[in-house]
Amino acid sequence: MAYTLQELSDFEDIRTLKHKYFRSIDTANLEVLRTLFTDDVTVEFRGGDYKVKFQGLEQYVVFIANSFHADAVAMHQGHMPEITLHGDKAEATWYLEDIFINLADKTKTIGSALYYDKLVRTKDGWKISDTQYDRIIETVTPLAADERITVQYLKNRGLKKSELQDISHLIVWS
Amino acid sequence: MAYTLQELSDFEDIRTLKHKYFRSIDTANLEVLRTLFTDDVTVEFRGGDYKVKFQGLEQYVVFIANSFHADAVAMHQGHMPEITLHGDKAEATWYLEDIFINLADKTKTIGSALYYDKLVRTKDGWKISDTQYDRIIETVTPLAADERITVQYLKNRGLKKSELQDISHLIVWS
Amino acid sequence: MAYTLQELSDFEDIRTLKHKYFRSIDTANLEVLRTLFTDDVTVEFRGGDYKVKFQGLEQYVVFIANSFHADAVAMHQGHMPEITLHGDKAEATWYLEDIFINLADKTKTIGSALYYDKLVRTKDGWKISDTQYDRIIETVTPLAADERITVQYLKNRGLKKSELQDISHLIVWS
């Protein structure tokens, strides 16, 4: 059975929306980030020793701006979508791979996660209204003394240490 | 020249099928795994010092259940499909990246491979009838003493050591 | 608003074209590589301490043949396209992850980059007419003494040291 043109177009647009998401966080592009979510988006990321939980686009922007800061060396790539359409709503599963080096505490985290998104069609196109992930693997290693960081895009683009806001209310550490 | 709605739908469904495959193996989700292949699927994976070769869905389930066990820290992500449709048959090339840490023997394998799949359209949708891969790169390193595994999904989901079956008949080591 | 069949087909073909690109470079498949670009393709890759800049398909083939040589252990995977169609032209952003081990100087580079492609529709299908990237992250580490390279496809496929041509005119080191 074939999908309709509208359904195939929805698959395309939902994919591209999430592609913009990963690009926007790794480059601290908050202008793009703002266009991807509903105002009341709900977020819950369940990591190894942390849980991120909050609601609202403004909180999301604060969370990303303060996580992808000038000491972060970040790669977050989302793969292999499984998208289910329900008219003006949709669900999507994505499989993340991420590398995150924090130059402030000299740690390197490599991991994967399954994202579970809910989306709604708005007059401005598809938006993510709920996003969650569960870690599948995560390893943390002290940054090796002989590992040279030769490019770090966020160095000049991310918030400096003196500019960081407290986001501890968005994260529960265990 | 444009594809038909049916062809575009086939591309979508064949992609999603393989996306489910990689998600199912890394989470030892054998229920999902069972839905992806024909009963008589043929398999040949040509790795660095091993060749996996067998036939049949039941063998596939046994192979995955005993490979993605409670000591495995696994990420397998398939990318960049090149799909060719021939009516009710199809071929697909995929480019794998994988990380596999075996906590039993404390090794870490990182690699890539090219998958070559053959698919058939059945009354239950597309199924993989033949799947093969050739390794492109593979490196093996002793697991570093300072690498902390902070999340390992398979720890509670995979087979325990005492539950493992012998699958040596499915693998030829060189 | 739905895309047309032609637009959806263009998305498919532009994706598959780039998928072939990454497969072709990691396997030094120059026959496939030649089919992907216009004859006058322009190239600029802005890396950590290098800038690659040249024009023309023949130069591209020389650059790849001499970069993906018999001492290279290479994985280049492009993800998460954002494609914009303008009739017979198109633009595409891709997010690269790459691993490159050079066995000659025993270094390991891991990185990401954003590709910016321009494409044109020709009588032989879509071709890339301009391709650029900016590195997002890049780390360089001496190859660890205990890291065993167990598969290296390019070993037998890539150019041997004695066969390498000088490509220093294509690269500016900083």
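Think of it as A, B and C in the order they're written, each chain with its own count starting at 1.
Note that contacts are C-beta pairs under 8 Å (C-beta built on N, C-alpha and C of every residue); 3 or more make two chains touch, one makes a residue touch a chain.
Predicted model, so just to flag it, every value in this text is computed and none were measured.
**Student:** Chain touch graph shape: choose line, ring, star, complete or other and state it.
**Tutor:** complete
**Student:** Have a look at where subunit A meets subunit C and say same if over half of the interface residue numbers show up on both copies, different if under half do.
**Tutor:** The interface is built from different residue numbers on each side, given that under half of them are used by both copies.
**Student:** Taking each chain's centre as the mean position of its Cα atoms, how many Å separate subunit A from subunit C?
**Tutor:** 26
**Student:** Could you pull out the residues of subunit A that touch at least 2 other chains?
**Tutor:** 4-5, 8, 79, 97, in rising order.
**Student:** Per the contact definition, I'd like the list of subunit C residues that touch subunit A in the complex.
**Tutor:** 1-5, 8, 11, 47-49, 79-83, 93, 95, 97, 109-112, 114, 134-142
**Student:** Which residues of subunit C touch subunit B in their complex?
**Tutor:** Contact set of subunit C toward subunit B: 4-6, 8-9, 12, 16, 18-20, 22-23, 26-27, 73-75, 77-79, 97, 99, 101, 144, 146-153.
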